[in-house]
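Below are two complexes that have chain A in common, paired first with chain B and then with chain C.
Presenting the complex of A and B:
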């Protein structure tokens, strides 16, 4: 069992980008964790619901969080606030990606941040930021 | 699942990308937005938001101002700065409208070009404002100010739970003082005088009378708020939690799922004046300390805790007796009652409640009104 932490797995985004990560990092995603536990994951896990750009950001956060939990420096709050220092559009995508991957605390973090940002804005500001269909 | 490889340019966000975000995420975000005015703005952002906003579960309504209806010639002149409780209550009793920005006013209507660009201040009741929301579960309404006027420096806090009628109420009152700037070099109330019982002076200097006024005022405030909630409870059968607070943090009225169910099943008893719920005949337990030292460097003079529960029907526990220790109560409800008291207030006031609970209890009986 000790060797499983070192095992690596490849995560493949919807647009074909591949990321080689340690299993421990990948398992921050509940979806991936259950796939691995149930023996449904091969060496490459396809994630059709998540684009490479956002998958990369989430993987980056998970790597940092695993390192922090193992006794790294910095604070979890700091990690989280850095994660959400992005524009509104990216934040929405990160929220959807976290939801897809079932990294629940990222879902809460991104949706709360989004809610806080929407709170203070006028309609036009929200529209411009989201650029929705008319 | 489709596996097309597509390469997107970096932002701006294209509408088809946004469409890919599932409704559940959008709803999750809208639920955290919670503020009804912000939600109103969101509903004007797109057709999809317009469809989703009314489905939000968690809503917070902050009321800016409270205005009265015109026209009743028998209105007393309403002086909000008057400390007398009675003026404030007649004001509340005649209350019908609240001033709140109409959240759905912003719906874009290109055909009517003369719609003003700036939101107009218009009078709408919370019930009207909430009309379009069909799935509310948790509702928090904040009034602009506390209802009970008190003398300068006096702090009054109450918390009440209601079903069809009052179930539980706790009131904490006293005068907070800053211990650091205390003019007395010593404890203003030396321990020798504090035997745990209420001193005679309490009765003679109007202390007891004042506290009765606090109690009645708070109960009237609570039952008026409860009465005002009727249309909201009626229109939103999905409600499981309703909390009504004020920005002064004076009073909190709460109704949970069980209590809301009871409200819907049992008819409401309005009082004679028909503007508030009837307060049932109740037992009151009063505890008093001339002076309390609280955490955070403050003290409280004349600290009083009053715990009110409706009398059980046919209970023999009703005689107005000054009893010692825990007083008379039915055993089963006692733990719940204590839990309610202990969790009602925060910060130094929670400590004040703890200290006051150790003191002698005085039992009073009150008729319904």
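Presenting the complex of A and C:
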């Protein structure tokens, strides 16, 4: 087993939350992968574009996906559909975070899901969803 | 019509394609920074919107200014899409050019506001996403536009006689030059002579922005009409017999004029007959094939039709493609000899002037299908409906 699969790295969100993850999981993000390959990543990788709440969800998905790829239970479709079972606001944030992290399949998944959600709404509804009353 | 239950219902409101402000009060308020959609960078927003079907994209353009800008400036939203089937625009108001466009993919009607055209009696021709409109009154206003993006261009006035008796309009997208060609065929009766009609062909190339008169000929016993189409660089026009003849003679013919070769031989010498006497003969370019749709007139009663036929021209020979099955014929209710029919790509639309029922014939599958019911119903006996077919191609510009 290659050494990088055992190594762990800490991902730090924009609001200071830290997540210790296996490098294999972290490398699901192309951005992090290239940083590591180019030797630009230390033990702690800062991600100023992603909040902890959403980073946590993405990391969770990546962990499950790595486990599934290694011969775990369940289906990839199932993992994906669970990932997007969230409200519109969260979905937007997840999409933006995936885009930032360059987890491309999550970008496609969230984009397609957002498009599907948009399609069913009126313009009023979508505007209200995008501009929640504070 | 209840509003607010789906994207499509937005189109039943009066205004379309205007930006909808979301904050109450100040009309000029820009999108405020607490908006969640601001978390989406433009590239990501473009990606999301590119998953939307074509019709939804125009509604998305009304959500806010930024979405509008992304949609109208980013070509990739239009690229790599499955080409949409041709839409049919139906005029639903007698006096204006208001109406609805039918999308056969989603089977929905949209309240579409057409640019340039003021009255529905204008001459109309469409090709590959562009539509050409010419006013019926003076025939001096002629526009080419994209009905979806509203991109438009006014052309120079057509040369030739000032008040022709008949005019035919045809536009064709020129794929080599990525411009377009427009042809206007004018027909004017020689004064006090029922047999002699002067026909002139005027040609416009978008690249040169100039009109050229290609041919002028006096036809004897025949006249031009209002039906013309360009197919693979050849202009086809229906001509009508003006002499007094027995019922056995076919009363229409087809002129064929090669716009590139521009031969000097007479127009009549290269003309051919049509399969039978027709009412409401319509010519259309379906995937570069010339197709004729017409009501098959009864021999003894040319104003009554016994069916509607579709023919394809193959090397100067007509081949019957289909006849409208009787059950669809009956589905129109009272079927006058006058009906509207228009087509593009592989689809032919047929509607009776007296009703909003719309029938489509798929040339490749040889299938007939009614459209979804039009949101407008006939309100009074003299209300007439007509329309035309066009391809929704937002990436095409004039």
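Rule of thumb we're sticking to: the second predicted complex is superposed on the first by the 130 of 134 C-alpha atoms of A that agree within 3 Å, B and C clash if a C-alpha of one lies under 4 Å from a C-alpha of the other, contacts with A are read in each partner's own complex, and residues count from 1 in each chain.
Heads up, the rule we're going with is that contacts are C-beta pairs under 8 Å (C-beta built on N, C-alpha and C of every residue); 3 or more make two chains touch, one makes a residue touch a chain.
The structure displayed is predicted, hence computed values, not measured ones.
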- Query: Between chain B and chain C, positioned on chain A by superposition, is the outcome a clash or a fit?
  - Reply: clash
- When the two structures are overlaid on chain A, which partner does A:75 contact: first (chain B), second (chain C), both, or neither? neither
- Task: Mind working out whether A:46 is in touch with chain B, chain C, both or neither, as first, second, both or neither?
- Result: first
- Query: Who does A:121 touch here: chain B (first), chain C (second), both, or neither?
  - Reply: both
- Query: First (chain B), second (chain C), both or neither: which does A:99 touch?
  - Reply: both
- In the superposed arrangement, does A:107 touch chain B (first), chain C (second), both or neither? both
- Figure out whether A:15 sits in contact with chain B (first) or chain C (second), or with both, or with neither. first
- Clashing chain C stretch [against chain B; choices 170-178, 188-196, 206-214 or 242-250]: 170-178
- Query: Following superposition on chain A, which residues of chain A contact chain B and also contact chain C?
  - Reply: 89, 92-93, 95-96, 99, 107, 111-112, 114-116, 118-123, 126-127, 130-132, 134
- What residues of chain A sit close enough to touch chain C in their complex? 89, 92-93, 95-96, 99, 107-108, 111-112, 114-116, 118-132, 134
- Task: Name, in rising order, each residue of chain B that touches chain A in their complex.
- Result: 1-3, 5-8, 11-15, 17-22, 24-25, 28-35, 38, 41-42, 44-49, 106
- Message: List the residues on chain A that touch chain B in their complex, please.
- Response: 14-16, 46, 48-49, 51, 87, 89-90, 92-93, 95-96, 99, 107, 111-112, 114-116, 118-123, 126-127, 130-134
- Task: Report the residues of chain C in contact with chain A in the complex, numbered from low to high.
- Result: 3-7, 9-10, 20, 22-23, 31-32, 34-37, 39-41, 43-44, 47-53, 56, 59-60, 62-64
